[in-house]
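Common to both upcoming complexes is chain A, partnered first by chain B, then by chain C.
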Partner chain A sequence: MRNFILRRAASSAIVLVLSVVTVFLSIRILPGDPVLLKYGAQTGATPAALDALRESAGLNHPMLVQLMIWLGGVVRGDFGTSFISQLPVSELVGQRIPATLELTFFIVIIASILSVLLVLIAIRKPGSATDRFIGYVTSIGFSTPSFIIGIILVYIFALRWHILPSQGFKPMDLGVVQNMKLMILPAFTGAMVVSPYLIKYLRTSILETRVSSYVRTAKGKGLSSSAVLFRHILPNSIVPTLTMLGMIVGFALGGVFVIEYMFAVPGIGSLAIESASARDYSVLQGVSVVVIAFFIITTFVFDLVCGFVDPRQRVLQVKSR
Partner chain B sequence: MNVNRLTSKKTMATGVAIALAFTLGVNFAPSQAASKNLVYGSAAGIPQLNPIILTSATEMPLTTLLWAGLTSRNENGGLDPDLATRWNANASATQWTFTLKQGAKFSDGSPLDSKAVKAAFDYTLKTPVSQWKIEIDMIDTIRTTTNTITFILKTPNAVFSEAVADIRIIKASEVDSFNKNPSTSGPYKVAKFTPNVSLNLVPNPNYFGTKAGLSGIDFTKLGDSTAAVNALRAGSIDFLDHLTFADAASVKSNSALQLLRAKTSSQTVVLHMDNQNAPGNNIKVRQAMAYAVNRQSLLDNAYFGQGTVSAYNTVVADASPWQCSAKAGLTKYSYDPAKAKKLFAEAGITKLTWWGVSGILPEFTTMAELIQADLKKAGVDLTIKNSEVGAWVAGFYPPGTKYPGLVVPNIFSLQPDPAYSMYYMKSGGNESNWNNSQYDTLFDKAITILKPAARKAAWCEGLKLENSQTPIVAMFNIFTVHAASSSVKGIWVAPNGMAHLEGASLGN
Partner chain C sequence: MTFEALKQMKRMKANLRGSASLILLLGTLAIFLLANVLSPYGPNEIGVGDHFAPPSGAHLFGTDNLGRDLLSRILFGGRITVLIALGATSIALILGSAWGILAGIRGGWIDEFLMRTADALMAVPLILFALFCISALGSSVASLILVAGILLSPSTARMARSAVKAELASPYVVSAVASGFSKVRLVWNEVMVNIAPQLLVQISINAASAVMLEATLSFVGFGLQPPNASLGTLILQGYAQIYNSIWFVLFPVITVMMTILVFNNYGEQLRLSLDSKRSSS
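On to the complex of A and B.
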């Protein structure tokens, strides 16, 4: 087990480094640079003045040198400074991350509850009209982008019925009710995007588990349907879904970028979009590191949880040495 | 009774009770606008607070809310005393002395005296690129006494008292930590700032001038312009910065709201062409463009009529008291597709490309389509290319960048005095890459003349040259429109579109 954890940690670190290097290089391909975006429109912004600013900001170094300098800083815990606000990147990310974590949390909770409920309804009679209807809705959910779902929800609940605000965010310490009210639409939007994946996996898993020999034994022993479902089928079906759930947590964190921007939630997603527009390289790189690291850690943790929940997984993990 | 069924019923009942309480709480939660603070909404965020650097239009209102100047501008475009109670210049306009108010302080209680003013000016002059540095870079020396500050200039400047209005007195020693909690010199100070998210201001107890009329101002960034207007209508915000032109009519008809705009405008919508590279280096092409665009139609359709046409095609508005017009021999560039067609044909031009921006300034997109139709009548095919703002800016900024064959829309928001707009047209300073030494000489002469009438005559010579050479297509002046709840009083809008909230209050 220890070797498994060490190997997994090493491969995760490589994935993290390769991912952030890719992000580092990709954003520098975009035309424009932070100096131009910040100062270019100002009177007196001559090419010489702008070039001097680029030099002092280290933007004239070869790309590899810039990368090494930045990576060196990251290893020391220094993610650099925002070129626009001159605030440390870690401070900017720290200001924004609570909103993203809260939104991601609600997305995952709502998606989990929604998925379990829908699957339980669907599998009561596999192949029935209800099951097929849930299947169609799931397919639509797979193919509909988050912003379309968001627009529909805003139209119905904010503009037609006026029961929820269309966008905005209030931290919990300034009002729990207001915070919850503003979280509903963005959280449901995200949940409806990720639920189809959970529904599909859980449904397949439950249908496979239903025909297992131990389930037939449990039924043969005279247990009620609900007892068989909740004590035997669901726990054994959860494990493969846990893996998917881990990916969904990471996916939700990365996918909330669009949702945050749509609903004006001041999280790291909207921070990433703002800094991309302003070519604020340090901030965008810092956000990327946070999101990628979070994704890697989350999937790693869920894999470990699977191992604890299902002893067979532990054996497989050890055998994979 | 089956224990499981009882438990599930209890669970359901609890769930219903929670949902009901939540819904009631949702509906009876106190409204945001019940606070006495003015809630200021904008579709764009505030990225930073330093008024000397100033990176976006959203930061502009903060320059007078948080900072004082030696002088300040008023609603009529004139100048009022601020930290300086009076000022005078020598006969050659090379030495300006300002007498300062005594006992003034920054918000942290430190002295706001001549030394602090000198430090702010020194910082502005040393800052590599500043929005305002160019206005004061003729300063040679700054001398201070207990109650005066004197600027010795390298070259004469007759409008120096106006230039210093833009230099806000910051506490220069704090620039490194400016975006956390700066010490302010204006009527308000910063309580909390999260870049691009929110900014909370509270009254500055140490302000030397008229005390703040609000208990606070809460700046909040809204998702987009539609959400912003909805928030205003719902009462969630009290003031909306930069109402879209499309929404102005609907807000105007709402009795609970008011529209705010300037009395006169110095915001000019222009088209750039690269004067150094083909085809923009051909005067016939530039003049053809000036005749080809139907300015009134563009104004009515893209800007909903919120402005006035610039028939003389200069950066000084037609309605400006400084405009010398046809009386001085300036040509009116009225819409004349036949004349434009003749000029384009003589220049051999049949194709041009529109270099616009997507995601912001939707009026540009409307203009692109209308100008495409106008140019079609003049025998020119206009290809429309819109880019994300970073790529758009990189296409033609800074001055000196080559962009042959492109037609680039832009907006200037300058002060109404010709010293600003005409300075912009000097060699090396404009995105049209127009470098004309004769114009530079005319400008340098006009800026030294203290007497306004004589100065106007001198500006006129520069305007005649600009009018004949058409380095830029100055189409019209627009009025930036802001909106507020009808309970908000005391806000005025400057000719450059900036809203002034220093004297704002919330009525009943």
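On to the complex of A and C.
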């Protein structure tokens, strides 16, 4: 177990460092001088003054030195300051994290319940009309961008029936009911984006377990079908599903950008879109690092849980690598 | 009915589905690429009808807030979206397969490095990277193609690598290497040909993702500048007017979904036929 944890930790760390470095480099490689962007349009900006600014921002150092300085800051939780508002990036990002966490949490919960229910209905009779119908809906779900689901939900619930607000956000401490009311549409949108992946994966893995020999034995010794399902099939479908759930959290994080933006939820996703429009690269950089770190850590934790639940995982992964 | 006949019927049904998906794909492409022939009005012609007119004989899809014909706008918008998808897919194909094949045939630390890089790129949500690039490059058809193409490369590389690896382990390659064929020529002449169908699956999935990515980027405001519009821009404009007219957002939404479905469906059918071929041989 200790070896397994260490190995997973090392590989997560490598991916983390590589992607954080990529984030830094891609900003430097892409055209657009941040100093010129901010002061170039102002009157009285002489080339000498611009150069002094560049010097003070550390932009005249070699790339590698800049990278090290920036990485050093990141490790200490210092992401620099926003080019536009001059506020520390860590503060800007920090304010936005609760909303995103709340939304992601609800998305994952709703998606899990929704998918498990639908899969349990679908596999009662594989190949039946119900199963195929759920299959069709799932494959349409794969082909639907998140904002289209959002538009449909807004149209039905906000425009037609007037039962839910179409956008906005209230922090939890200003009233739980208001907060929940505003969360319903974005959370369901996200859940419906994520569910198809969960449903497809869960269905396949349950069907695979179902034909295995120990299930046949369980049936043979006279267990009722629900006992077989809950005692033998579901527990054995848990590990692949946990892996999947880890990926789902990642998907939800990726999909949350557009959803936050369209429902005006002040999370890190909408912060990313706002700062990209304003070309506020230092904020965008900070957001990326936080999102990537969150994503990789989640995958890591889920990997560990799987290794804990199913000892085979700890060994098998060595072979497959 | 014999077992063989049943099997034959099943195969024919699968073939029929496959052909249907290809015809749908080609039809969709043709409709969009022939936009200038099929459109009843100019896409940016203002005031050819009333504002927010519902669908009618003169305007099959109705009109938008400036009285432009929505059908014409969708056809031209679709053409831009499809061009972006095709361009991005080509870039992803060239970059991704070079990346994956190199990793697959070289192995060792080169493989490890290339694939870890692909992992790292895939760990970043697509949309986040896209935001970076688009905000730096500005939004134009060329930059959308470039960004979507680069973003779709890592997954293509992953797929190409596993296909090459599987192919390199097959008996004919092993015996060819044993009898002294050069590996490079072998890959170029034989392996590439054999993994082409798998790459085609990836191409159609990539095209679907590119349409989705374009629509998403346009929806959050990084699309083309007006009056030009892609399908994503049309959805954004329609959504802003959803209180005035449901048609204005409905038709672009349906078009985007159909386009993505058509690409995905073709890829799915192709993958199914590849799988059944592999399991029967």
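Criterion: the second predicted complex is superposed on the first by the 272 of 321 C-alpha atoms of A that agree within 3 Å, B and C clash if a C-alpha of one lies under 4 Å from a C-alpha of the other, contacts with A are read in each partner's own complex, and residues count from 1 in each chain.
Rule of thumb we're sticking to: contacts are C-beta pairs under 8 Å (C-beta built on N, C-alpha and C of every residue); 3 or more make two chains touch, one makes a residue touch a chain.
Being a predicted model, the structure only gives us computed values, none of them experimental.
In the superposed pair of complexes, A:82 makes contact with chain B only, with no contact to chain C.
Residue contacts after overlaying the shared chain place A:243 against neither chain B nor chain C.
When the shared chain is aligned, chain C comes close enough to touch A:155, but chain B does not. Of the two partner chains placed by the overlay, neither chain B nor chain C lies in contact with A:90. Residue contacts after overlaying the shared chain place A:179 against neither chain B nor chain C.
When the shared chain is aligned, no partner comes close enough to touch A:66: not chain B, not chain C. By the touch criterion defined above, A:261 reaches both chain B and chain C. By the touch criterion defined above, A:279 lies against chain B and chain C together after alignment on the C-alpha atoms of chain A. Within chain A, the residues touching chain B in one complex and chain C in the other are 30-32, 159, 261-262, 277, 279.
Those residues of chain A lying in contact with chain B across their complex are 30-33, 36-47, 49-50, 52-53, 56, 82, 84-87, 92, 95-96, 159, 163-168, 175, 177-178, 180-181, 226, 261-264, 266, 270-271, 274, 277-279. Considering their complex, residues 4, 22, 25-26, 29, 32, 45, 47-48, 53-55, 128-131, 133-134, 137, 176, 178-180, 194-198, 220-223, 227, 230-231, 236, 388-391, 393-395, 397-401, 423-424, 428-429 of chain B touch chain A.
Here chain A touches chain C in the complex through residues 14-15, 18-19, 22-23, 26-27, 30-32, 139-140, 142-148, 151-152, 154-155, 159, 250, 253-254, 257-258, 261-262, 272-273, 276-277, 279, 281, 284, 287-288, 291-292, 295-296, going by the rule given at the top. Remark: chain C residues 116-117, 119-121, 123-129, 131-137, 208, 212, 215-216, 219-222, 235, 239, 242-243, 246, 249, 253, 256-257, 260-261, 264, 268 touch chain A in the complex.
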